[in-house]
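First subunit A sits with subunit B, and in the next complex the same chain sits with subunit C.
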Partner chain A sequence: MTGTITPVVAEVTAIEASLFVFVVLTALATAFARDVLAAVIVFGAYSLGMAALYTFYRAPDVAMTEAAISAGVTTVLLLLTLAKTTRIDHEAAFEAVNYPAAGAAGLLFVGLAITMVDVPAVGSPDAPVWSNPDVTQWYLAETYAVTGVENTVMAVLAAFRGFDTFGEAVVVFAAGIAALIVLRREVFA
Partner chain B sequence: MSDASDADAGGRDADADADTGALADAGSAEPVEPPRRSGRLDSETRQGTPYTESQVIMSTVKVVSPFAFTYGLFVTFHGGGSPGGGFQGGAIMAAVVFMIAFAFGIEATRQWLANTVVVALAVGGTLAFAAIGLIPVALGGAFLQYDLLPLPILDPVKYGMEAVEIVGIAAIVSGVLMGLFFVLARGFNGEDSGPSIGDRDSFTDEDEPDEPDDAESPEPADGVATDGGER
Partner chain C sequence: MSVVDASLAGGYAVGDFLLVVAAGFVVLAIGMLYRAVKGPTMQDRVLAVNVLGTNTVVILAILGAALSEPTFLDIALVYALLNFLMAIAISKFTVERGGVL
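On to the complex of A and B.
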């Protein structure tokens, strides 16, 4: 917990590479699946793959959020909403390619891919995170002494940036209120 | 609350009758309309009749849910020492309620877990977070200045943060997620939801929308409008 942490450039292992392929395939399947129920289920698999990927890149807090919220809760809420609709039987499993939309998505992908050249490698010492070690190392080294908790992520969220977290919690609360207002209900029932 | 649930029960029975009627008519009267789904992914209107009571799902949920709930509590309470925290733990605990609802029926879970509990979690969490933040302000400090919290023996910084995570964030997230689940399961076509477009996609195609048309069509007052509608 204390002391400086030296950056290590990570190499892409076979498991990570297969996870990348899995995530890309499930994302494409989500976009092209003709049946909405199939798209929702494949989207849940995509979120689970992203959660595993976050774990490999040492962001377990983000991975747990992705697995619980995106793979679990969002899938359940989307399925609940789908149960309110009628389901049309499709003979084709996949949507036909909409070429203008595919062209726009391709242009966006190319634009983002150009910026990827300048993104430093994972764990690279040139990354902006390491370019200001006085700040980043201070949080890693002093969190336990200052706050008494070992999880730096939680210390940043609950203490160093606690006011932001209060705003986020109120946003979650407001989301519940907004759902009640939109559905014209006074109770969660 | 009891009146509302009685009304709901009656409404569901009526919907169930209409459902069977619509299915019986669908083959002969309207072949154009796409076939309705069988009773998968049950929710409100179909909850009364075709809730499939699966022994596999029920016994699996019975075994898994205590462990999942304990894991949610662990993630919440141990957020200071390991990955996780109130947000993730609250989501896991709400997901346990989702599992129970899918195994034993959403309506039964809704009655078991009253609206009061859901609202108390969401509102109480928000108020607790605000109170923990405002107590140091009242004592002359800054918002969420944990070291001013009046905790006698414990470390006020550590346990103030834990209190924010456990009493505040976990309660808000679990309460709001459960509330979203129940309110989405009920949907937009409940009985007391006022004028709603949900009536149009429910199964009462044969009685409700026809009556206003029959009542209005003999009146020639708004000739243009009714002609446009009837054509």
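On to the complex of A and C.
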């Protein structure tokens, strides 16, 4: 494969727009829910929508991680934390807006939105990833011959930098064991 | 040429139609979100999030068909499992406090 890949500039489709609305609504509900358990439940819905969005953008590995970590592990860990502490029942459904915190979040949003102008469009030929076409094309052309993996991103993660990923897996494994040990001690103390 | 590329009326392919259907399911999910946020009981919220998860599985399956990416079905399966785990964990938490797993 020697020819360059022609980039496709994406437009916002109906499914993207509806997913954006869903994600923003769930994020706002998580932030403003007065009851902690309700916030945990709605946060699970948020991560499901986020993962669907990642899947639509052809990043199934990110979607899988988002679903497993955010919807699965985080929900269970937050519930365990709630079970070990106390949950106060509230009459009001929504938290009153904390204006200094909302102002800080707004400033952060504005700061991030300013940088969005400089982000290249999806598939843009001016994107930094194309600044060294020889390297990019080598990976796209040779990945299957070298590693036997069809997906280039997967090949980089699991083959070209396999030891790095192995180290990450060891860290996650250790964290899981540590969490289990801590819980076991509190349960049987 | 797959089924997805077959043209319907007005020059639109089956894939376009499936994308619109998926967007419709997302709109339904936004409607279901009302129940998840409003409650009033925790059981309502658990059930609403469970329906949302099932909805996501359906959306992913439709997207997989519309975009001709069969691997999306694997993600849909992982979702179905995680959705079950989440519903069980929250349900157990609301029934017997402390018993999450």
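Here is the rule we use: the second predicted complex is superposed on the first by the 171 of 189 C-alpha atoms of A that agree within 3 Å, B and C clash if a C-alpha of one lies under 4 Å from a C-alpha of the other, contacts with A are read in each partner's own complex, and residues count from 1 in each chain.
Note that contacts are C-beta pairs under 8 Å (C-beta built on N, C-alpha and C of every residue); 3 or more make two chains touch, one makes a residue touch a chain.
What you see is a predicted model; the values in this text were computed from it and never measured.
The wider contact with subunit A, measured as residues touched, comes from B rather than the other of subunit B and subunit C.
Once the two complexes are overlaid on the shared chain, A:P60 sits against subunit B and subunit C alike. Within the superposed three-chain model, A:G49 lies in touch with subunit C and out of touch with subunit B [touch as defined at top].
When both complexes are overlaid on chain A, the residue A:T147 reaches subunit B alone and has no touch with subunit C.
Of the two partner chains, subunit C is the only one touched by A:F22; subunit B is not. Legend: residue contacts after superposition of the two complexes on their common chain; A:V170 is shown touching subunit B, with no touch to subunit C.
With both structures placed on the common chain, the touch criterion links A:R184 to subunit B but leaves subunit C unconnected. Contacts of A:L80 after superposition on the shared chain: both subunit B and subunit C are touched. In the superposed pair of complexes, A:N98 makes contact with neither subunit B nor subunit C. In the superposed model, A:T13 lies in contact with subunit C only, and not with subunit B. With the contact threshold set out at the top, residues 37, 60, 63-64, 68, 72, 76, 79-80, 82-84 of subunit A are in contact with subunit B in one structure and with subunit C in the other. Remark: subunit A residues 13-15, 17-19, 21-22, 25-26, 29, 33, 37-38, 40-42, 44-45, 48-49, 51-52, 55-56, 58, 60, 63-64, 67-68, 71-72, 75-76, 79-80, 82-84, 93 touch subunit C in the complex. By the touch rule above, subunit B contacts subunit A in their complex via residues 4, 34-37, 40-43, 46, 75, 79-85, 87-88, 91-92, 94-95, 98, 102, 110, 115, 118-119, 122-123, 125-126, 129-130, 133, 143-144, 146, 155, 157-158, 161-162, 164-165, 168-169, 172-173, 175-188, 190, 193-194, 196, 201. Contact residues of subunit A toward subunit B in the complex are 37, 60-61, 63-65, 68-69, 72-73, 76-77, 79-89, 146-151, 153-155, 157-159, 162-163, 165-166, 169-170, 172-173, 175-176, 179-180, 183-185, 187-189.
The residues of subunit C lying in touch with subunit A in their complex are 19-20, 22-23, 26-27, 29-30, 33, 36-39, 42, 45-46, 48-49, 52-53, 56, 59-60, 63, 67, 69, 71-72, 74-75, 78-79, 82-83, 85-86, 89-90, 93-94, 97-101.
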